[in-house]
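Next come the structures, one after another.
Two complexes, one shared chain (chain A), two partners (chain B, chain C).
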Partner chain A sequence: MKHSTFLLFSLPSLSVMFLFIAIPIVSVFIQSLHIEHKQVIIVTENCDPFGCETTTAVDTEASAKLKEKAPLGKFNGFKTYSNRMHFAFDEVGEAWKSSDSFTVFTKKLYNYPLYRALSFTLTYTFVVTPFVLFLGFLVAVGVNNLPKMFKGPTIFASLLPMIVTPLVGSLILFWMVDGDGVIGATLQKIFNDNSLSLKASPVLTWIMLMVYGIWHLMPFSFIVFYAGLQTVPQETIEAATIDGASKFQRIRHVVIPHLMPLAIFITLILLMDNFRVFEPIIGFRAEAHATSISWLIWNHLRESAYPLYNAAGATSMVTIFGVAILLLPVLIRTWRDFKEKNKG
Partner chain B sequence: MLFKKLILVGFISLFFSSSLYAADCGPNGQSIRILASDFPAIHAIANSAESNCAGSASEFNRNHTTEARQIMNAAQTPNPAEYTSVIVANSTLVQLMNDGLVRPLDDLVEKYGGHLKSNQLITIDGKIMAIAFMANSQHMYYRTDILEKSGVDGIPATYDEVISAAEKIRAAGIMEHPLVMNLKVGWNVGEVFNTIYLAHGGEFFKPGSAEASINNAKGVAALETMKALVEYAHPDHLTQASDDTQGLWEAGQAAIGFMWGSRGGVILDNEGSSAEVTSNTVLSAAPTVTGGSIPGATLWWDGITIATNVSDSEAEATFAALVSGMTSEMVAANNDDAIWLIDGFKPGPAAAGVSATAQGGAKSYPMFAQMGLLHNALGAELVDFLKGSESAEQALSDVEAVYETAAKDAGYL
Partner chain C sequence: MNTKIENKLTPVRIIAFIFVALWLVIAMFPFIWTLWGSFKVQADFFSKADWSNAIFGFHTEKQTGGFFTMDGYYGSWIEEEFWRAVINTSIVVFFTVLISLTFGTLGGYALARSTYRYAFWILMAGLIFRAMPHMTLISGYLQPFFAWNVWGILPTTIIVLVAINQPFTLWMLHSFFLNIPKDLDESAMCDGCNRFQAFRYVIIPIMWPGVITTGLFSFLLAYNDFTVTSMLLSDENETMIPAIASFLGTVQEEGKVMYAVAAVVSATAPLFFFVLFFQRQIVSGLTAGAVKG
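So, the complex of A and B:
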């Protein structure tokens, strides 16, 4: 294909991508560099049914004038990125100087929202992704070996966790692990401990969220692998069988290499999805023990009276860079494979 | 045939509306649009406004949503505003006033508010900005039977007495976790701190400035009290808000509770619980600190406001309609739905807690322009202390640091 033809062919999709992806990202970035204007505060006397108090109020007229001059807000440079809500450079430097061991330092680091959110988000990503890949593959192989008449219903049942909306799924599980719920009460009985609570312990909360994540995402990798299994060349399998390969050897040396590109595709998608983990934290009300990057963005915007657009913008940019860094190794590998193939 | 019926229905409704049309509804043919939260007392006010004045208005729309707080600023900013009135509480009035979205009501009160009591008028710098119709606050709930069984004399009136009563209940083997409190991470846990901090006589900001001042001896004492209470609360307390604590109470799994007054009616009615629980549940004032006199609660009111960005006649019609509902007849018909500030209210057992707390001299929820940011920071940063992974001083200095960052970004510092 000529370059100009290719360009013309992809122009519509490129322009849509530019309009709906590139421009919004740039606008979020610009927003993250600005903060609100100084509010003009006046002292007021408030009287309500219970008495009078001296408090403060915003002088809306004076504040509106400032806003009119520069609607974007006050330019703040990269200070939002370096302040306590994000990378907290000053505070982290201080913590590094004042800690005598690495454990003390990490404990101090954990006090800052971004690092705390990163620690859970990354743990979640790196635990859930391999589990989902591996278990999804196992289920796919299992279903593929079922007699034909059971296949349909089994596939449907295996897809259920993904059909259930994340929020509903996590809420159902939240109720089940309650001290009065099926799982919670059973665990209390097994360990003979009436105050055992999955919601009160940080470690158990993390485990619960990750188990939920694996349960929820497994159907995705299962269905992709299952589709891939239908394309495994039967001749190669038969040849391997004649050569005396066991079932395990056939999977290891024929099926897995054949499905490798699919595995990379699933890994990419899972890394992206898991890095944005959000709903289960809300559904499980797990904010006390686990926060994620996406949760931080929501938290910056949640107080509708005081939405911190700059902080939300900065956290969004951090998310985009985080995803890019995560995907880099996989992308580099794919690129290398592609080049090698073209050489041969 | 159908046409005839329609005409008949039209006439009948005309007849009814004109016969009910006793209230002064202000200018005719205006559009009345109300945004409000979603609970029985607000429905009662809006219902009576609608039945009084919908007939003379060109449209009468109501949007009741518990998420009203989240949409009100966005809805009221354009001109004309989406709603002619927002029904607010202390904190949401501040939220609207920060953006200049409510208008002063002095002239309207003079014209239509003859029947309002002076303590219903919320004034800010001498201007009436809202008309309150009900009060609410947190206070104590307790089970007489369980306190008696575990040998507690009288009603615990201070936090120390609450803690020792809880210990007695635990020691008697009746309940391992006799306390319920709304401690869900975020707004709720911040609010619990506010109440106990106020009981200790704390101030949230340095006088006349937006600088937070909670990292002090009173703040530490408030956190220590909170920690001592939490020892006796349900292990999942960091996930529990009003619905959950109400559920635990109605299930008979708690003996002392700090919950909202607005839950009183629901808890005491004969639905969702056993007679054993309801007949032994008594509502009383929020506790004070030992030797103190301020109950650990924040007082709240709910009231009506009128939008800035609507025409004067729409504003007038909306105001007239809403205050026409604030009568002793409306209160008589809905007596137990709220602690009404309107004439004719007969306080029942469900109102005992709030009135005792208010009479005890509890403070209103602070109406500082920047209070929401501090509340947010409290909700996020106190959890580490409650979990035991941080000292009280560290938690409070974290709160101040988080508040400072947010307040700078939002332009308050």
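So, the complex of A and C:
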């Protein structure tokens, strides 16, 4: 295809990605380097017979002028990244010096929003992903062992948790585990403890969110693995059976190697999706005990009266950096494949 | 003989059956429970004393006289004007899917047919863009959108959703077009067609299966989005999912929780039928990406 035709065909697609994905990333970075102008404050001294009194007032005109001159705010360098909302270098150094053990140090670290969000996001990502892979594989093998008539209904029922809107899905579960909901109330009865609440304890909140994550994403790995199982070469399985391989050995030595590329694909998608976990925290109203990086950005932009653009920008850059680290192995691999293909 | 083997009960088969049945209960029960409960009053759906109230509707009968009540639906759709959100969602979803597919088909075709190195780099950039958490992009949109006075309206949200959707659409359609033999459009070009004519008369008639499958996933992304719609739409232009989220703020009062439950069921129902009708396409779409890597 000629360059000019290629450009004509792909121009709408490329320009929309450039304008709304590439440029925002750059602008987020620039935004993170600036800080909002301080309001211009006029101090006036009013003197009357009873004494002098100073009043301070915001000079709106001067503030607006300042904002017009430099809409991004004052250049702040990387200070937003190092403040206590983010990496909190000074405070962490202080904590390191004053803590006598590592546990005390991590506890102190947990007080800073970014570290708190990172710890949940990473735990969530690296707990949910393997569970989803493993359980999805088990269900796929299970369905594969059942008569054909079970296949359709199982797939239909499995698709629902995956396809349902994350916020809606988490709300449905949240209402069930609520103290008055069916699961929550039953648990209270079983443990004979009326104050037992999944929302009140940090550990239970984390577990609840991760269970939701597994419920939501397992269908995806199940369906991909199930499709993969249909393509396992039957001759190899038969040959292995004749050679005396047990069912388990057949799975271990024939099926799993065959499904390995699929497992890598699923892992990649799961890592990307789990790293952006956000809606469940809103749905479960879990922000008191569990915050994710995406939730942190949302909070910077939404919670205060004025959006904290610099904080949101800095957190976004940290997130993008995290995604880059997650993706790096895949990118290197694809690049190698591509180079080899071009050689041959 | 084959059926005999299939129906034989082996221990492995029994374990498999129990395991799959357990998963089905876990997957389905929350939906059935909530659907059933949405026709009850709050005292039944959130019954601390006895969960069977939610099934038999003890309080529902006492409070409303009937076994089922539509109060939750009436409250959310009429009183809280959920129907507005439904209309907004329809508009956003329709245009997002339409524009995504138009852009994606053209781009995906070009990427599949180009032999130059930049096609690879564009696909790689697409993969990286696909991995970007959407929230990171939002913080970049707000300031310019406020400055240009385009914040809060539906077209802005539609174009942002198209952009966010584009990497996935491109990848999917690119691998679909790779499966259509090159010779097809190239022979048309030998017969004197130019590239656009070849695309128009040879590719377009046969591309619909791939386009529909991709369209289903674009639909899901637009329909399920909370991040973009909650940050970029003003209150009167809210779509369903942010509308449900804003219900949550006001549901503390007695009775209002059922509004949110009814709204949640209303938002899930279309997805139920969506799966019912397009199950095969969804499965093939999920696996197509996987098999081709």
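Just so it is clear, the second predicted complex is superposed on the first by the 284 of 344 C-alpha atoms of A that agree within 3 Å, B and C clash if a C-alpha of one lies under 4 Å from a C-alpha of the other, contacts with A are read in each partner's own complex, and residues count from 1 in each chain.
Note that in this section a contact is a pair of C-beta atoms (placed from the backbone, for glycine too) under 8 Å apart; a residue touches a chain by one contact, two chains touch by 3 or more.
Small disclaimer: the values here were computed from a predicted structure and weren't measured.
Judged by the touch definition given at the top, the superposed model places A:Ala305 against chain B, while chain C stays out of reach.
When the two structures are aligned on the shared chain, A:Phe9 is found in touch with chain C, with no touch to chain B. In the overlay built on the shared chain, the residue A:Asp193 is in contact with neither chain B nor chain C. Of the two partner chains placed around the shared chain by superposition, chain B and chain C are both touched by A:Gly179.
In the superposition on chain A, contact of A:Asp90 is made with neither chain B nor chain C. By the touch criterion defined above, A:Glu238 lies against neither chain B nor chain C after alignment on the C-alpha atoms of chain A.
When both complexes are overlaid on chain A, the residue A:Leu327 reaches chain C alone and has no touch with chain B. Chain A is touched at more residues by one of its partners, and among chain B and chain C that partner is C. Contact with chain C, but none with chain B, is seen for A:Lys247 once the two complexes are overlaid on the shared chain.
Shared contact residues of chain A with chain B and chain C: 178-179, 285. Residue ranges on chain B touching chain A, taken from their complex, read 69-74, 90, 94-95, 97-100, 119-126, 132, 135, 176-177, 184-186, 205, 207-208, 210, 234-239, 299, 301, 341, 358, 362-364, 366-370, 372-373, 376, 380, 383-384, 387, 390, 394, 398, 401-402, 405-406, 408-412. Per the touch definition, chain C reaches chain A in the complex via residues 6-7, 12-13, 15-17, 19-20, 23-24, 26-28, 30-31, 33-34, 45-48, 51, 54, 102-104, 106-111, 113-116, 119-120, 122, 124-144, 147, 159-160, 162-164, 166-167, 170, 195-196, 199, 220, 223-224, 226-227, 231, 241, 244-245, 248, 257, 260-261, 264, 267-268, 271-272, 274-276, 279, 282-283, 286-287, 289-291, 293.
Taken in their complex, chain A has these residues touching chain C: 1-3, 5-6, 9-10, 12-14, 16-17, 19-25, 27-28, 31, 71, 138-139, 141-143, 145-148, 150, 152-161, 163-168, 171-173, 175-176, 178-182, 185-186, 188, 215, 218-220, 223-224, 227-228, 231, 247, 261-262, 265-266, 272, 275-276, 278-279, 282, 285, 293-294, 297-298, 300-302, 307, 309, 312-313, 315-317, 319-320, 323-324, 326-327, 330-331, 334, 338.
Across the interface of their complex, chain B is touched by residues 35-39, 41, 43-51, 53-58, 60-61, 63-64, 74, 76, 80, 83-85, 91, 111, 113, 178-179, 194-195, 197, 199-200, 202, 284-285, 287-289, 299, 303-306, 308, 310-311 of chain A.
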